[in-house]
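A, B, C and D label the chains in the order they appear, each numbered from 1.
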Amino acid sequence: MLKIKLGKIKMRNPLMLASGILCNGSLLKRAATEGGAGAVVTKSLTKEVREGYHTPVVVGVEGGLINAVGLANPGYKAYLAEDLPLAKKGRAPVIVSVAGRNVEEFEEISVAAAEAGADAVELNLSCPHVNKHGMEIGADPATVAKIVEGVREALEIPVYVKLGLSDRFTESAVSAQDAGADAVVAINTVKAMAIDVEARKPVLANIYGGLSGPAIHPIALRCVFELYQKLSIPIIGCGGVSDWRTALDFLMAGASAVQVGSTLAVKGIGIFREIEAGIKNYLVRNQFRSVEEVIGIAHR
Amino acid sequence: MLKIKLGKIKMRNPLMLASGILCNGSLLKRAATEGGAGAVVTKSLTKEVREGYHTPVVVGVEGGLINAVGLANPGYKAYLAEDLPLAKKGRAPVIVSVAGRNVEEFEEISVAAAEAGADAVELNLSCPHVNKHGMEIGADPATVAKIVEGVREALEIPVYVKLGLSDRFTESAVSAQDAGADAVVAINTVKAMAIDVEARKPVLANIYGGLSGPAIHPIALRCVFELYQKLSIPIIGCGGVSDWRTALDFLMAGASAVQVGSTLAVKGIGIFREIEAGIKNYLVRNQFRSVEEVIGIAHR
Amino acid sequence: MQEKSPTKSQDKSVGKDQSFNSFGFLPARIKRTIGENSKVKSFYLEYSGTLPRPGQFFMVWLPGFEEVPMSLSDAGDGFVRISVSNEGPTTAELHRLRKGDRVFLRGPFGNGFSLDESPLLLVGGGYGSAPLIYAAKMVSSSGGRCTYLVGARCKEELLFVDEARGMGIKSIVATEDGSEGYRGLVTDLIKSELKKGRYQAVLTCGPEQMMYEVVRQGVKQGIKVQASLERYMKCGFGICGSCVLDPLGLRVCSDGPVFDGSLLLKTDFGKRKREASGAQVKLC
Amino acid sequence: MQEKSPTKSQDKSVGKDQSFNSFGFLPARIKRTIGENSKVKSFYLEYSGTLPRPGQFFMVWLPGFEEVPMSLSDAGDGFVRISVSNEGPTTAELHRLRKGDRVFLRGPFGNGFSLDESPLLLVGGGYGSAPLIYAAKMVSSSGGRCTYLVGARCKEELLFVDEARGMGIKSIVATEDGSEGYRGLVTDLIKSELKKGRYQAVLTCGPEQMMYEVVRQGVKQGIKVQASLERYMKCGFGICGSCVLDPLGLRVCSDGPVFDGSLLLKTDFGKRKREASGAQVKLC
């Protein structure tokens, strides 16, 4: 009832672990097996090893988290060699998130991911707090097209494009579609910050970070709704999913799948099963036969 | 201790009622007298009478409200004739918010407001859900300059510019400053939406609305912090102030005053006094002599 | 110098610390419908929140149509009742709903009547009787006494008279065509009824001109009148300002809808109101 | 087919429904500082939250420096104590703080030791003794029994031995230079101490190689060992994954820091760890 097909990828439910959450291979496996995620996305991988920013890198605020992890990762080679195999043991599709600084890096990492057995790649064109890897890419439809075209040509597996909030958000998405993207993930975190009034200082070492969690859900929902009117490729909703309702409203807005991130901090790894049960219950109660029937229903 | 001077305008505290909240003259008076606001901003006034959108025009979500009131107002002439005098009885500065569709309308309404006794005008260049009156203005630095120049030349009283979240947000603010704006208000609501999963429909009659409340505070705070590094004119923080801490962090980020909106829905009109008391307490506890000493302190 | 507002105590929301979530909608299934007269239909709705007080109201949304305020005409274990007069597009569509259909509710909002005094005179006109019949139920179930004074064009249009009588509540009726009770308007009866001097307080709801007359009579005779008002509402919880009573800045949705009559006389009550745009117009 | 994970019960956060706000910082004023030895300094911090359990930790932020995890070495009415070893920039700066200065805390995080069994053997090395001395206090105040086995380079570097003795807790000491107690390493003493057969369980915290030896001995002799681990931590509440134990995917911050020894033997414990980048490196 909750099974979906996202292009070539089959998922037992439309719930994915979002990129950068839990992130290491063995935890991705756990999100799939113990947590019940239908698919998992890796940490965004860069060409070189990155320690990320100094701590604090994440802080809780009302309705969410602000993080500036700074794309910490051991570099794509180490990750694909050591973490990807662990992640794949979860037997759910593993999507490798890729963060390059230019077309060549996106290609290089994506190709390596495909060779290492990734089920798909997700191009992170929208990190709001890392120079060169950031929002400036996804906010410019022409750059989006260039990167997606490059990766698309070099790859057999599906290519997803993750976009963040920007003025030309839908344009960038259309541009990704035209360049051959198989799905668009919307949205990444929204640039934000926290100041501690007792410390009289910004909390994050990087000052700026990205806001995630329930706080951004209404914004993300709007983005998905808008995309559904413009795109023919699937949309993957991301941002503030905290229960079955907020997962379902994404689907109704037009998402074919949703990603869950910050909520794991307050509800644990089992959140996927909890959401799955809630959606199933809703579908039964409302006489739907499959979750696919509710996709985009809010537009009718 | 909490007194501030915002250019020519003297306020007994740095707390203002945000535009569109309570909105009618007699309620603005009440916000000042009973509520304790240091200044009040009127509903955004348009040239013609506007009924606004069909209901629902506002809905509560986790951490905030989404509204698409649609700039309902009786037209600037009626408002300035009937509501402004009532508002002025509150004896706190009254700032008239202006929403034109072009330079001429902004000028016409602003001039009329000044003549009617407004202490300042706030140009709303950022309503996220009304065509022609909307975000597209504030997101374009050139248009911002044109409007501000026009109004600035025609007016003696201070001109504030209210901007919303956009890619070129700081550019627009700098452009407003260069064109003679006396202060920048940051930020307006963020375009968002809500879907009711039981109704399977967008909740707001207008589908899209603007997200306000604690949910957007970390985003607004970031905007103020960024502006402080670029502007020399005062900044007025707006977005998700819910208590003395969230008012104070705005000040520390560089705001000279803050506006309070959505929180009135959950904490009532008396919220201004509550915040005032909290800030005073903080200042005393930390041996500050004046609230002006904390402005921008998070940058040091 | 800070002016002390006479309305200070009116802001019921101060310090209430509700959550924004409570301004979202909840679906409510219709359990039963009853035609009350040619214009008014009652809906029993499934409801499991805290019991609302008489005079409180819900914002009722019918997806595809508008969201409109509706007082409660009854409430109890697992249900609330609204009694809807067919006045325009949304209320007409509400009338088409049947058992099992759903509406969407936010609320309860507003302050509600104070029912501490006894005996009470309840003066209703049109669908304004809705909150009064719920008040009558609460009063009689808590051992208080009240009289239900109600008017209509003709006998068939009278609202909740049988219901009141069924609860053993004395009902005084006025019809314009004389088909039942006194021939004329309820306002004709107020003066003499109040003169009897038995009532500790009056609750009233109905057309504003009627309430204005009731308030005037009550004030004249030194009897407290609580009137439940209507104004154009957009939010229902005190943020938008559209339901304001000038010049005191009272919000019908959250400072009211029930106000003390003598406070109302310091406002535009009975004279002017605001339209959806906020424009002030003469009451007609 | 869904695989049943052996670690299912490890996710302490499931259904906990904390709020995001609880991952923000609270300031804590230093009430008192005590030098414990040449490297370790204890700080009594004002604290009014719920009493943390031994083995739980705080993320401690010093604005301008980093945020680092610190176990509690004591806690009680209105205070918590951390005992900080000077290891690098942030801990060095912490050592410069005095009474009245403030640090910023998030937490308490993690599961903590289970103290149900008695008698317990507590095996500590270096600042790893911190959570153990707090555990010892809890055990003895609730009427349980325990022995405190601790090692250091020399007599002067021994941690919390006086404190343990002050509580009437038997302490066994090993120094590398023989300046007090046994000459050698604590791990030399484990085998014989466990052989005595009196202990229901062992709690250990200290250098990973030491804990590895303790766990190995415990498992060999059929005695349950709880070990409190350290891994590079970025969030402290289970979201970032940086503190993972492979290949089971156990998060030291939220599934631990205390783990059952036999579970640990199925992981990289004692062999490999992850750096700040997530890169896996050999433990040295």
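Simple rule for what comes next: contacts are C-beta pairs under 8 Å (C-beta built on N, C-alpha and C of every residue); 3 or more make two chains touch, one makes a residue touch a chain.
Nothing here was measured: the structure is a model prediction, and the numbers come from that model.
Our note on geometry: subunit A versus subunit C, Cα centroid distance of 50 Å, whole angstroms. Taking the mean of the C-alpha atoms as each chain's centre, subunit A and subunit D sit 35 Å apart.
With centres defined as mean CA coordinates, subunit D is found 64 Å away from subunit C. Within subunit C, not a single residue touches two or more of the remaining chains.
Counting only residues that touch two or more partner chains, subunit B has 61-64, 194, 196, 200-201, 214. Arrangement of the chains shown, judged by which pairs touch: a linear chain-to-chain path with two open ends.
Looking at which chains touch one another, you get A-B, A-D, B-C.
Listing the residues of subunit D that touch subunit A in their complex gives 1-5, 7-8, 11-25, 27, 59, 61, 63-64, 66-68, 102, 104, 106, 234-235, 237-242, 244-249, 251, 274-280. Note for the complex: subunit A touches subunit D at residues 20-30, 33-34, 36, 43, 49-52, 54-65, 67, 69, 72-75, 78-79, 82-83, 86, 89-91, 194, 196, 198-201, 203, 205, 213-214, 261-262, 264-270.
On the side of subunit B, the complex with subunit A involves touching residues 61-64, 66, 139, 165-168, 190-197, 200-202, 207-208, 211, 214-219, 221-222, 225, 242, 245, 248-249, 252-253, 282, 294, 297-298, 300.
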